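Paired with chain B in one complex and with chain C in the other, chain A is shared by the two complexes that follow.
And now, the complex of A and B:
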């Protein structure tokens, strides 16, 4: 009989033990996969948020700007520069920006804000800014009006918790309220009627500004209101001007949402007395894999001369990367502990199996089975158990992960605040199938290979006569 | 008798029992120690938030906390203050004026919260005065002509007040600290140059030295080159009570350094009297009265007492000011429990397997025992006890080891300095001092006993189902 067949049959001679050992592997794999998926998915989501709505994958800046973000570290945005960048095969568009700080003041309220001068249309292509305009805002008034209309009580009860919340589209509102897609048209009608928020997008050369949702609440600003910005302009001139709010945007990163003001870049240049100058040029890319970004950076580096410098998203988000790294390591330690415990369990099983089957091994060797063949059969048995555990773990974890990936879990209430305080969107996102699946399988395989050493050693040193007496 | 038999049974196969016991030991130790690390981190965060940032209870005009509207002031604070001070349990009180504004240096500006304080009162409530970085000045102790401001280390970095420079005195100190001559010689080129930020200086160092040299001596050189010019000046811009823009030149009295980078970047302190003159806020008027109390456990009692006493004002406890902080400590408790349960569940698989083995191995013997009249309850108890004994031995050894390791590491802490920037951006220290509530050990012991019992049920039921007549005949 073939080794693998014999091993398979052996497995089911003691069904209970096989199932329990495989179940322990299953348990470890299941938890490890869910945890990794959740961790990696959250990182991925966080980076996408910040890269796609703020930094972009690659930027060109004046060489000192990144370390010293002052309005004096600017550079000239020329057609020649634009052409040079766009000639790169991976460049889709270039998006000019002026970024600086200012003091925003409305009545007696003031706050330090981040001013971003942008090209309205190009920026929209890069970060989809237009889609982030607030569509509904649930003011107290809106809520009381909506409550009068015909809606299920469950939704009405939830409304109070959403006081003053803004939504930038039908989809997030629908998900938050738990309305099914097919009911959306009818159920959202009262919201369209009472909670629609008036908004206009930026128009080039016009003195309107877009402000972050949280900032608008802090400064109590609505569309059409005026605010004053005070700052230091280019070469230490004074910059102060009035602006009209033309819209409110809701950005996923709470930190940025709480301090950002967008305005057309030509208006911004005028405000800072820096005509024709920008602080950074974000590049939207065709391929965003790490490899193509790195290649693009080195290509651009040869093409552009100082004082310009090329800076990638990794460098721009070093802090986030380091936090992620620390969190990632702590997650790995926890999974490591889990595997360590499971390894002991597996080793215990192997130990018992060897002791229990000592006589059987003796008989087999006595009737002429080669010790190496016996060893191979036992090893295959153990591997089968591992594979059973791994496969069943994946089989159960995968649907859960995929469901979590397509329907991210939104955290609400007080727990959401913890997330927001750490500058994260309160969403638990999973990472779909990736290399981390392989890693879990590999770890289990290594544990089993180590555990096999013990029975192999026993078999190779088997004293047939004495084992027969056992 | 059953207890004794069960105990002896544990040691009939010492190798097997040892494997199970050590797996429990390792699992419990790893679990408890991880929890101690997390607990240490969270507690440090809580303590520093309360001691340095928010204290226990804050009193302000209604709506101030959400709007920070400077027009919302507490007038005639004398009466209110004496009402607060007469409340039992209150141990300290300080008055604050809070304005939003900008901090500017010649080349940079950033938004800040300008907090007017009375330094002597502050010392009764906050421990921030102990967090002044050595060599950067004092906590408003020196008299100067210009108004003084206390700012955070990270704000100083942002405003380029901290610089990096090398001079001959520093070079010779570096030599004393054991840096080879050829390094200091090459470094001497930088004499007289100033670097506005850490990044620029590090970049320069990296271009001058090889990677291995930079890794070996970089930190020392960087620490030495760190320069803060005592009494640096900056301008604070804000709106006065009539909404006119005011700019005031101030001198930095010192830099404070806590673990919360966001707070460091955002909050600057000036004296109340100075801020009054500049902003026109009248005497005896404040935005906030901050109250320290004798124990964190009395927070709810005292704050609800104050709410009744001061119905026209907003009285907020730290739990209301930073609900996430209160929630964090609750959530971590749940997280610890889940974490331990997962580990114990993983351990349970090992125990179940072992106990099953025990039952199969002793089929004959168990059959014999039943045949001679041992009742089923006793057989069940015997097997269950054997499992519980193994779990408890493993658990207790695990707890003892973790107690030892925690007490060894609690003194000097464990420093993840390479991650300090990331930790501090979230308000945590990267230097973690593990700690644990003694009650947690009790919880773990209960959980372990529970695990032992649960994982013996299936094997014990197997034993009960044995038919004595058949069991005796097995070999």
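And now, the complex of A and C:
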């Protein structure tokens, strides 16, 4: 009989033992995958948030701007430059920006803010800014009105916790309240009626600004209100002007949401007294894989001359990257401990199996089976168990991960606030299938291979006579 | 009797001697006092000035008119360039306010802004506000004579008195012997490192006084940076009252 066939039959001679061993492998793979997916997914989500809503994948800046973000470090935005960048195969669009700081003042409230001069339409293409306009805001008044309408008590009770919260669309509000998709139309009607927030998007050359949701609450600003911005302009001129708030945007990153003011870039140039100048040119790309971004950066570097400088998202988010690296390491340690526990679990069952079958091995050797053949059969058995565990682990983890990817877990209530305090969006997102699957499978396979050594060793040194007496 | 007379005569001679000597060679304090009175001696002044801020890659000129009464009160109106024109600064004793017509706001300059340059120049707000008295707050020491820009000068070292509120470790001033003009000032920090140099030139007679109409300020630690003040017009002893220096008036100046 062939070795593999014999091994397969052996497995099912003692079903319970096989299943217990396979189960320990299954849990190892399942939990490792889930943890890894959650961790990698969160990083990915966080990066996408910050890259897509703020830095972009690649920017062109004046060479000193990154280290010294003052309004004097600007450069001329010319059609020739735009053409040069757009001629790159991976460039989709260029988005001019003027970025500087100012003091925003309303009445007796003052706060330091980040001013972003943007091209309203192009910026919308890059970061979907228009979609971030606040659609509903649950003011105390709105909540009390909504409570009068016909809604399930469960939702009404939840409303109090959402005081002053803003939502930039139907979807996040529906998820927060736990309303099912099919009920959305009816259930959201009172919100549309009482909590709709008046908002307009920026119009080029018009002296209106968009402000972050949290900033608007701090400065107690509403659409149509006026705020004063004071700063130092280009070449130490005075920059001071009044602006009308035309809308409020809710940005996923709480840190930026708390300090951002958007205005059309031509208005911003006038404010800072820097006509025709910008501080950075964000490039929206066709392919955003690391490889194509790196290739694009080196292509642009040969094409553009100083004082212009090309800067990639890695360099722009170094702090976040190193934070994530530290977090990633601690995640790996936890997974390492998980593997250690699992490894001993597997080893334990293997040990038992070897002890249980000592007599059987003795008989087999006594009737003439070669020890090497016996070792091979046992090894194949172990591999079967391993493959069984790994495959079933992946098979169960995969749907869970995919569900988590397409329907991220949105944390609500008090826990959400903790997330926001750390500057993170309260969302747990999974990473879809990627190389990390392979790694986890590989590590578990290695653990099994190590575990095989013990029974192999036992078999090869088997003393037939004494084992028969066992 | 004779002995008394001789003692008296001796004393008299001594006093006369002293007087003659002092008129020949002034003490360092006298020199600084005379130089200080040269510009700050009058009760009030109205000055029209331009200030050019020079940086390695650019430069910019601001014009302004300034009313002042003693060292305690001053009011400054920016007249050019157009974007800054209309902005006013009021100084009353130790406080400073800024009025900006573009935003209709009166802002009291906070302590955090004191070390920032005024209108982007090398003069800090603190320089303008905490103008200490070179006569009262320092002890003076004559350290020799040097010629600056063709004029013979006393070289005087100023060391701040212990209780004086002064940011400098010490100063060295070169005061012209003829008109008592401060030709050059070197300002040092507590460690004796040169922080900035101020030099006066373009000596002219304005409203009956001999003054320097060009003052250059060069900070040592920022190469290529420089601020040049040019006095275009001066009126001394204008009839200004303390009430002129009010927040109300900041908004009415044209």
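The criterion applied here is as follows: the second predicted complex is superposed on the first by the 462 of 470 C-alpha atoms of A that agree within 3 Å, B and C clash if a C-alpha of one lies under 4 Å from a C-alpha of the other, contacts with A are read in each partner's own complex, and residues count from 1 in each chain.
The criterion applied here is as follows: contacts are C-beta pairs under 8 Å (C-beta built on N, C-alpha and C of every residue); 3 or more make two chains touch, one makes a residue touch a chain.
In this text, all values refer to a predicted model and were calculated from it rather than measured experimentally.
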Next item on the list: Record, for the superposition on chain A, whether partners chain B and chain C clash or fit.
Entry: clash
Check: Who does A:242 touch here: chain B (first), chain C (second), both, or neither?
Finding: second
Next item on the list: Mind telling me which of the two, chain B or chain C, contacts the most residues of chain A?
Entry: B
Notebook entry, point to check: So, does A:17 touch the first partner chain B, the second partner chain C, both, or neither?
Noted result: first
Check: Touching A:105, do we find chain B (first), chain C (second), both, or neither?
Finding: both
Notebook entry, point to check: Who does A:319 touch here: chain B (first), chain C (second), both, or neither?
Noted result: first
Next item on the list: With the two complexes superposed on chain A, say which partner A:28 touches: chain B (first), chain C (second), both, or neither.
Entry: first
Margin query: After the superposition on A, what does A:230 contact: first (chain B), second (chain C), both or neither?
Written below: both
Margin query: Which partner chains sit in contact with A:363 here, chain B, chain C, both or neither? Use first/second/both/neither.
Written below: neither
Next item on the list: Touching chain B in one complex and chain C in the other: list those residues of chain A.
Entry: 72, 105, 230, 232, 236
Notebook entry, point to check: chain A touches which residues of chain C in the complex?
Noted result: 53, 55, 58, 60, 81, 83-84, 87, 100, 102-105, 107, 117, 119-121
Notebook entry, point to check: In the complex formed with chain C, which residues of chain A make contact?
Noted result: 72, 105, 228, 230, 232-233, 235-238, 240-242, 273
Item checked: Of all residues in chain B, those that touch chain A in their complex -> 13, 15-16, 19-20, 22-23, 26-27, 30-31, 34, 67-71, 99-102, 104, 106-112, 160, 196-197, 199-200, 237-239, 243, 245, 323-324, 327-328, 331, 339, 342-343, 345-347, 349-350, 352-354, 356-357, 360-361, 416, 419, 421-423, 425-426
Next item on the list: Going by the contact rule at the top, pick out the chain A residues touching chain B in the complex.
Entry: 16-17, 20-21, 23-24, 27-28, 31, 64, 66-70, 72, 101, 103, 105, 107-113, 218, 220, 230-232, 236, 259, 319-320, 322-326, 333-334, 337-338, 340-342, 344-345, 347-349, 351-352, 355-356, 414-415, 417-418, 421-422
